[in-house]
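A, B, C and D label the chains in the order they appear, each numbered from 1.
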């Protein structure tokens, strides 16, 4: 007997913070983490990912009553892959420079665990519209963290943000090349997870 | 054009071929034959292996309460597994306390039945049955609340404790492709064990309430299962404070019927919170209780009366009315039923009045 | 060098570089979710690692055949994502059924992560790379096997390190995924050291 | 009920795939020409950039295409795939396409060579999938500008990509920090192409 408004508010807050896919569930960092050394690439990847997650959840939820249990996984991957290919084709046709920049990473969105995770955990048991909202906000929650990672990496590694030189960092700052390389991504993400989890737990202790 | 069609056909056939492999493999590998479930050392049920414990029990008409439908996200479907459940899965751990783990508590939706299994569940769950019922009467209480009276067909009688709830089955209908169960408190007089009365408030776009309000007609068949829940009156003589909002009146009404039947002389006040005149209902029934139960008082509280000049009763939030009228509650008990917000606010107020937390009982709508 | 031995040498080189220099997790970031999630114990990590080696070796071969005999003749190159992923999904589920039937212990240890092998990026990644790098069947299978081994090596070492860390005092927020990522970063640094080995300037 | 039938999953999978593949194939047919045009344009731009033919920043894609048609002559049989830059029937430069395996996927590009057949006028990539922010920096003007005016070495490797700390000479440029893998591979790809150029054109000339 819940009201719809508070239910969707809960879905939204859970996706963004309470049950954030990255620092609570630690899902889906695979392919996107690799492009987090540039903010612009991260933004496009995250947008593609959020869109795919939302649409896939919606479709999976729409078909959930008809999909036989045994082939559910195949059908879900098919749906996800179809949306990713559409994004890929779209980028190739209308934004070739970005498509060239991201290369194989766009295709690898298919295997991003967060999409499958949301489909399995939420969409197969809920109606289409809440699933869409859930997918959307999980995607956004995910993007939030990765954008934070990419801003840190680009700033410390190259002294720029979105390609624009930043005061101090582009001139006096001794650039940390390691930030641009794979280990930098791991370290930055670890620190951000640490920060977010600490904030969450202190908040909880106070309320209880 | 032909080449496009051929391409589509070949790709689709490949996919269908893969599905075929899985279907065949399931026949050969995922077939576990028949398994025996022993419940509380006594009841024995034979089920087809391969499914989850929860699914199998449901198909045997034993209903362990569950909210998420077997996804392992609500953690309600706990039960004790003595033998044959396999080891604790990582999917269950977050929902079980250390003590529960020691006592072999498991989530029944996560356990797969591959062999004979021994479990323990509360006796009353075994009493839980599925009832075929006929909708006998529908009464409009307010613009968005209705009273439904179901007469039992099969089984013909039900026994429950006042305060418990049943789950009503909502079938598929136009615009809904899902079959769901929703919980509603029983509001009928327990003396008549051939009927079940529910008070239901319309939830916009709610699957089950839409079914009840738009599709269910007098004379229609319906399905219920239950009873469930441990919201019930204690055996003490302490003063009772009932607090309810909206359709939360249902279990309280049932409890009052019960008190009337056993001529209980406990002191009791019922604070019933509504928004305005158009939400107020069952006043006559409550006034009738006041006559038969000498120590019972009914206090409707209106938060925003449309005609304040005509409204003689309490105004403001239900919690404010409680604060105004109750002085010391350390010897009283409280029974609350309604939205989580109302219940949480009431608990705060009651504690402020000196009530022990162990004397506050509630049924929260979720 | 005759054709076949040349092919074998190539396969061997590809296999080794997939283990060390081109490690799926540490340099391509693929297959991170289970790498973080299932690396609590060596035993489970080993089980999952074996499953990945197995699945990778076979799916890379099957996908190679599917690509060269279905997609290339139909000129449906862009369709490879879909075909590969559903083949992987079907295969993983097939394996899941078999493991569930014959080794309940392994099944339980992989827990919810068995279905997640499907969405293990490393597996799709290998299939995609074999196409863009134009490997032959033998080289593809060797590459799949090597990538699987590399992934397993990474996850088992990670599990070993994490088991030793069990006793250590780690700040609350950093426990679990946080510290795992930091270790992964250090391992990635170490693996960069391999890059000179096989390239032989 | 059809859903209880054993073959229902097979039919279901078939229909779902038909649905999605129809959408995808139609979409890809629709964008195919555009994608092809983008590819061509990328190549043409790379050739013009390698030959250091200046075009204003505001130049449209059409301008690039027309300039290419006007100035560049497609390779003929005796030229081993080398494009020729001509103006008023005078040869002004050569554009040598090259390709090879990068870190992720093939790298394809063009080297511009002056009429002396030894001086490099520039290089440009038209297809690469290197790690964004790392290997992909080979497409950045800062990296490419290093090649302008370098000489192809007659002895040893035609060109060398050196560590940032090392001294440069007439035949070497600096690598990209952090992108060891790409740098090593890129050097090999360039040298493979230039070795061929040397045997075909330089040594041939020397013999004459």
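Convention: a residue touches a chain if its C-beta (ideal position, glycine included) is under 8 Å from a C-beta of that chain, and two chains touch if they have at least 3 such contacts.
As the structure is a computational prediction, the values presented were derived from the model and not from experiment.
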item	value
Centre-most chain, if every chain is reduced to its averaged C-alpha atoms	A
Chain whose Cα centroid lies at the greatest distance from that of chain A	B
Centre distance in Å when chain B and chain C are each reduced to the mean of their C-alpha atoms	46
Rounded Å distance between chain B and chain D, as computed from the means of their C-alpha atoms	66
Mean-CA-position distance for chain C and chain A (Å)	22
Length of the line joining the C-alpha centres of chain C and chain D, rounded to whole Å	30
Where chain A touches two or more other chains at once, by residue number	34, 70-71, 74, 78, 82, 85, 89, 104, 178, 181
Residues of chain B engaged with two or more neighbouring chains	7, 11, 15, 18-19, 22-23, 26
Shared-contact residues (touching 2 or more other chains) in chain C	27, 76, 78-79, 82, 86, 90, 93, 129, 132, 192
In the complex, chain C residues that touch chain D	21-22, 27, 76, 78-79, 82, 129, 132-133, 192, 195-196, 199, 201
Contact footprint of chain D on chain A as seen in their complex	34-35, 37-38, 41, 63, 66-68, 70-71, 74-75, 78-79, 82, 85-86, 89-90, 92-94, 96, 100-105, 154, 157-158, 177-178, 180-181
Contact footprint of chain C on chain B as seen in their complex	3, 6-7, 10-11, 14-15, 18-19, 21-22, 25-26, 29-30, 86-87, 89-91, 114
Sites on chain A touched by chain C in the complex	23, 26-31, 33-34, 70, 73-74, 76-78, 80-82, 84-85, 88-89, 104, 107-108, 110-113, 115-117, 120, 178, 181-187, 189-191, 193-198, 201
Partner chain A, residues of chain C touching it in the complex	26-33, 36-37, 78-79, 81-82, 85-86, 88-90, 92-93, 115-116, 118-121, 123-125, 128-129, 132, 171-174, 176-182, 184-186, 188-189, 192
